[in-house]
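Take a look at this one; I'll ask things after.
Labels run A, B, C and D following the written order; every chain starts at residue 1.
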Amino acid sequence: MPGRDFLQVPGPTNIPGRVLRAMDRPAVDHRGPEFIALTHRVLPKLREVFRTERGAPVIFMGSGTAGLEAALVNTLSPGDRVLAFGIGHFSHLFARIATRLGCEVELSGLPWGSVIPPDLVYDRLSADREPRYKAVLAIHNETSTGVTCDIPAIREAMDRAGHPALLLVDTISGLGSIDFRFDEWGVDVAVAGSQKGLLLPPGLTILAVSDRALRAGEAARLPRHFFDWAPVIEFNRKGFFPFTPATLLLFGLDEALDLLQEEGLEQVYARHALLGEGVRRAVEAWSLPLVAQERATASDVVTGIRLPEGHDAARVPELSAERYGLSLGVGIGPLQGKAFRIGHLGSLNELEVLAVLGGVEMTLATLGVPVPIGEGVTACQHWFLSRSAPVAG
Amino acid sequence: MPGRDFLQVPGPTNIPGRVLRAMDRPAVDHRGPEFIALTHRVLPKLREVFRTERGAPVIFMGSGTAGLEAALVNTLSPGDRVLAFGIGHFSHLFARIATRLGCEVELSGLPWGSVIPPDLVYDRLSADREPRYKAVLAIHNETSTGVTCDIPAIREAMDRAGHPALLLVDTISGLGSIDFRFDEWGVDVAVAGSQKGLLLPPGLTILAVSDRALRAGEAARLPRHFFDWAPVIEFNRKGFFPFTPATLLLFGLDEALDLLQEEGLEQVYARHALLGEGVRRAVEAWSLPLVAQERATASDVVTGIRLPEGHDAARVPELSAERYGLSLGVGIGPLQGKAFRIGHLGSLNELEVLAVLGGVEMTLATLGVPVPIGEGVTACQHWFLSRSAPVAG
Amino acid sequence: MPGRDFLQVPGPTNIPGRVLRAMDRPAVDHRGPEFIALTHRVLPKLREVFRTERGAPVIFMGSGTAGLEAALVNTLSPGDRVLAFGIGHFSHLFARIATRLGCEVELSGLPWGSVIPPDLVYDRLSADREPRYKAVLAIHNETSTGVTCDIPAIREAMDRAGHPALLLVDTISGLGSIDFRFDEWGVDVAVAGSQKGLLLPPGLTILAVSDRALRAGEAARLPRHFFDWAPVIEFNRKGFFPFTPATLLLFGLDEALDLLQEEGLEQVYARHALLGEGVRRAVEAWSLPLVAQERATASDVVTGIRLPEGHDAARVPELSAERYGLSLGVGIGPLQGKAFRIGHLGSLNELEVLAVLGGVEMTLATLGVPVPIGEGVTACQHWFLSRSAPVAG
Amino acid sequence: MPGRDFLQVPGPTNIPGRVLRAMDRPAVDHRGPEFIALTHRVLPKLREVFRTERGAPVIFMGSGTAGLEAALVNTLSPGDRVLAFGIGHFSHLFARIATRLGCEVELSGLPWGSVIPPDLVYDRLSADREPRYKAVLAIHNETSTGVTCDIPAIREAMDRAGHPALLLVDTISGLGSIDFRFDEWGVDVAVAGSQKGLLLPPGLTILAVSDRALRAGEAARLPRHFFDWAPVIEFNRKGFFPFTPATLLLFGLDEALDLLQEEGLEQVYARHALLGEGVRRAVEAWSLPLVAQERATASDVVTGIRLPEGHDAARVPELSAERYGLSLGVGIGPLQGKAFRIGHLGSLNELEVLAVLGGVEMTLATLGVPVPIGEGVTACQHWFLSRSAPVAG
């Protein structure tokens, strides 16, 4: 199909040309000076994107799932109790991994589309007098529904309850796109993925680890070898890894972090807020409901959209891909066939969002979903114009 | 600027990833078997895109300008009279090159936005009883205004006048995008460029040459060496070039021609017709006049758009590039400040056109040009939908 | 440093241009048809390179270390006894991972430079009457010393002892370079890495799994989630993965497997045998001892070379990299400072081996190691010539 | 064929990865700010590599042949007399182009393998009392034989004769590899190519033009349009070109010039001197004669080697390419079948030269040419070692 495709699943995201070119290079000796210098360049830049001064960034090969596993095996022991909140596919997944690895998970199932209620966190923790919970599993941005949880409020609830549990946060689809502050928010382990806001192809999962988590790790007895962060941190000091690292992805990461720095993190967040709101304005013009229960919690990186009864939402991504080279996300779990998702994160700009909205409109119209052609795009354009500076003169 | 830019000048066009990757390779020995095989693959594919069985394709390094020069120096002698028609920048350029090289050019200046009138061709040639004109210089697609001339009608006029002049056609922005038929239309020399419908970066100009033109070349006395097509054709027989050829661009050309073949030339033309009409519908929704004098002659690869009095059209490409990463064409010559141009050729699809139209609307609005936000996009969407197949079931 | 570097560590190896270009492409939706087709293309080709018809190929993100972990967690339960043989760094690592994951490892430490003695395997297993050993951990090619173990003889010893233990084989630096036959040799789990004979950058580990191993996996109780092969195999049937897969590396794998097929596996092995012997002839011309205890067991993919007393072998890779852009392997463990290693695997040819040998000679000479300049290269050239066909006529 | 090929024709040369990546990018608007900045970056860097402060660099699309044509059409008029010296294929070509374009060429034919004798230049010019000669055509490095002419001595001869002719120098295979000093040597027009020392693929020819040549150009009446340097220089002032320029090659040129700067021009020359002498030492070890008549004039970028009677030198490049992926240059003109050529310019290092020499030795041996296997490589290694610094400590 001629022209450029639009990859608007909520990750992987479009890989910028500069990042692709940084990886289009010969392999290097991962024990030689060029690679050592690379490691020493990348780690401080990762600290900046996590917004941490003391937290240790740890890079593993693997998907976000692998990163969640790494967060657990490095901090917990068999039989440890953890508190989890299911608000969608990925928050449930986090709980399931903990269960499979041998933890005892207390899972609060909540409606898909809701966010983790800080008060519920407070209630659970303040009721845990012993205390038995070793960790709270929280999700920053729930990709399956398109909501963003209030991590600082969760932290505040934990503090208010005076509970010592570690706060483990899945920010796989959040980091590098929406505001995340490891130190300020008191996160203990944050888990990110390469293929979202970090602008890389899939293949890496990246953690930030607090001192408390590191200390917890010394006592944690879940079996681990490849995902053991201690040797990674130790080898990293000299620029090495305890295993053969994914060298080319690391060269790409180096470049991707430069891109984020050059744009400026605050501007990155502002851009995602601009684009996310543009999408929501379009959805409203279409009179379709968001999956997010409350507009204020809707995510700036992915929008879940419900279709009216009688329409199979799974046809939307199928047809948009086939006709327009536009990849959208399907509804997962209870949303299967009921909703579809537009990813709007990573290296993305206003005109691309207009194209995507135009393509969604034409797809919906073709499928017989009653949407007013052009009104979503128009609403988004008005929003963009309302936020753009007037011209000089 | 994050996200992908929109390069909507009327050439260079977007280079497809497959073409870029075909060129991202080591240099080769241009006398070795890999290169020889490449030459033997590329030339027949060029014939197909020119739609010629007998015409000889000739590849030179250079811009389209160089190709026009090559067409002239290989067919004409100092003092030869040629007939030319000025309907815009590039048709005037063709005449100017002939003049500079020592030909005597009879130029009919016509309004910018008009096409070459076949009747005028007939009148001029039928009045030339001697006959003295050695060649007619015609332009297929005038990029500076956005009109497409009727080459077969020009040929028919020449035949009707019974005039033996060669027909030299500038199809730099036409070939590979809009219908062009070298054999059927009786063209003697056609000149194309790499950076338009042929999907490559700038760097090559490609000619097709008829037997008549080849014979004329034997007697032509304009001095030439690098642009002499005779040794190119001769060396090409064995897969070589008489000079060090632009090997990597030729690998790219091989891939680009495959892309055109895979889509199918008729489908390529149909796609450009679809996209071009979409743009015109948007312009009409904006109530802005085309530069093309008649809608029926408006080009499917580039649209020239006039702004109302009091607006500086040069600001449009400036602001669209600065704000939205959208490169548009400026008005040239008498259209400077009065018009701007949208290129819509090459590897381009429907969603990209929507993005471009959305960006133009926002740019115009920001500059205070009264356009109804969203209505151009919407009109284009309706057009696209009107031409798309219903879904099964 | 101008010119091309020589990456002659025993992995990562040189990534062929075609593989790099296959990865230099936009991300795709890992749930879309293009990716599904990719999965369905790659898995059968992996079967061919493992030489298995029934074994299931399983691809994980991770280093070879991760693959060894995956082999263990999918087949064993806490407290299971496994038999291991330490003949170098990587065979010891395999045992150490098993220990860390909670297995009871009986490790036979043998001299570095030796191979796993099939008779010792037989003795251990035939003495295990209960039987208690669940698995034998074997290494195909011990990269730290440069020896290749006789896996079919080990299998034969296991069969002779009538022992039901699984045979888990580390062929990380063997697969795709030297003869490996999963079915014929009765291997239960084979572990490979992307960055050796599979011609990719680091980032993937690839397993082949026998039916017996799959069945063992159903009962295995070592905790696992990311490295659980059951969902991978299940999802793969439809072309998916249970996690976001490393899409670009998989596109690269597809191309790399084509390269191996085009050359032909037997020719790949023959080429490595040719190059390996060439290196050994050079080492003999230098009168330096191999690390391999017996010449017949020396590896065709990496050669470990001891330096005379009084010379710090760690200086060799340092200086060769600094002066000649030639990356060599250091001595590891007890060989630190005593030996260095030349990797000669992957996409490599005769002239490159001559360059490497020439560079090693100049490096050794500069460091004062008494080697006859040029004689290693010359010996290798004579070997190559002795194996090359005469010219016709 | 696995492994990396060795492209040792005397151009095109190996394109460094950084240069390839600089060109692996989307097309840009050649009238936009990114391209303007590129032009303004490249031109001053070109001045440095030509070693000129006042000379104007001019970039055309085309091969070196095109550059020679540009040098002539911009400085000469029909019937102008020029003095030329034929010492090989490319010096004869320069003269032939001048003839074809309408100049009256006085060509001194000299033996292939000789250099242009400055005394002969002096004799011819001092005998030209009128003076009638408008230009002296000189070649810096004659690629067909492998000799380097003494341009400053030729300049000195012209000055001694007090002759006003312009000095037009073909340094296509010299610039960026061997010492060239436009200002200091009083060159009027220098012609270079992209695919030699400038590390790019073929496609550009680059000139440096003195003030005298620019003034001569104003009166020159050879017909020209595309190769007219006046509009290029004028448009370049604002960062534009008077035609659509080869944008991607210019991005590559920008990077290639950085590579030269980073290495340092003096070091670039020293490296070529080192490598060239290494090749000559090998040839001497083989007891084969150079094509260069005098060793002191042998080129540091290409070595022409004669074979003994009874051996067909054309077989050498054929067999080396077929067996070893090693591209060598054939003998041209009177050297056809009698000599072959090794290119050793551009991005090249010591180990690559050893590989090439080893490959040539094996090829010659296979063809039955009596050469002592390994002795050429060994001689080259001794030379390299004699020039390398001892290690510290």
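Here are a few things to note about the model shown:
Simple rule for what comes next: contacts are C-beta pairs under 8 Å (C-beta built on N, C-alpha and C of every residue); 3 or more make two chains touch, one makes a residue touch a chain.
Being a predicted model, the structure only gives us computed values, none of them experimental.
In terms of C-beta pairs in contact, C-D outnumbers the other of C-D and A-D.
When every chain is reduced to the mean of its CA atoms, the largest separation from subunit C belongs to B. Taking the mean of the C-alpha atoms as each chain's centre, subunit B and subunit D sit 35 Å apart. Averaged Cα coordinates give subunit C a centre that lies 45 Å from the centre of subunit D.
Centroids of subunit A and subunit D (each the mean of its C-alpha atoms) stand 54 Å apart. Along subunit C, residues 4, 14, 21, 24-26 each make contact with two or more other chains.
Per the touch definition, subunit C reaches subunit A in the complex via residues 4-5, 7, 9, 11-15, 20-21, 23-33, 61-66, 69, 78, 97, 100-102, 193, 195, 201-203, 222-226, 242-249, 321, 327, 330. Contact residues of subunit C toward subunit B in the complex are 17, 21, 24-26. Chain contact summary for the complex, subunit B toward subunit A: residues 1-4, 6, 14, 16, 24, 259, 263, 268, 271, 315, 319, 323-326, 346-352, 354-356, 358-359, 361-362, 365-367, 373-375, 377-379, 381-382, 384-385, 388, 390-391.
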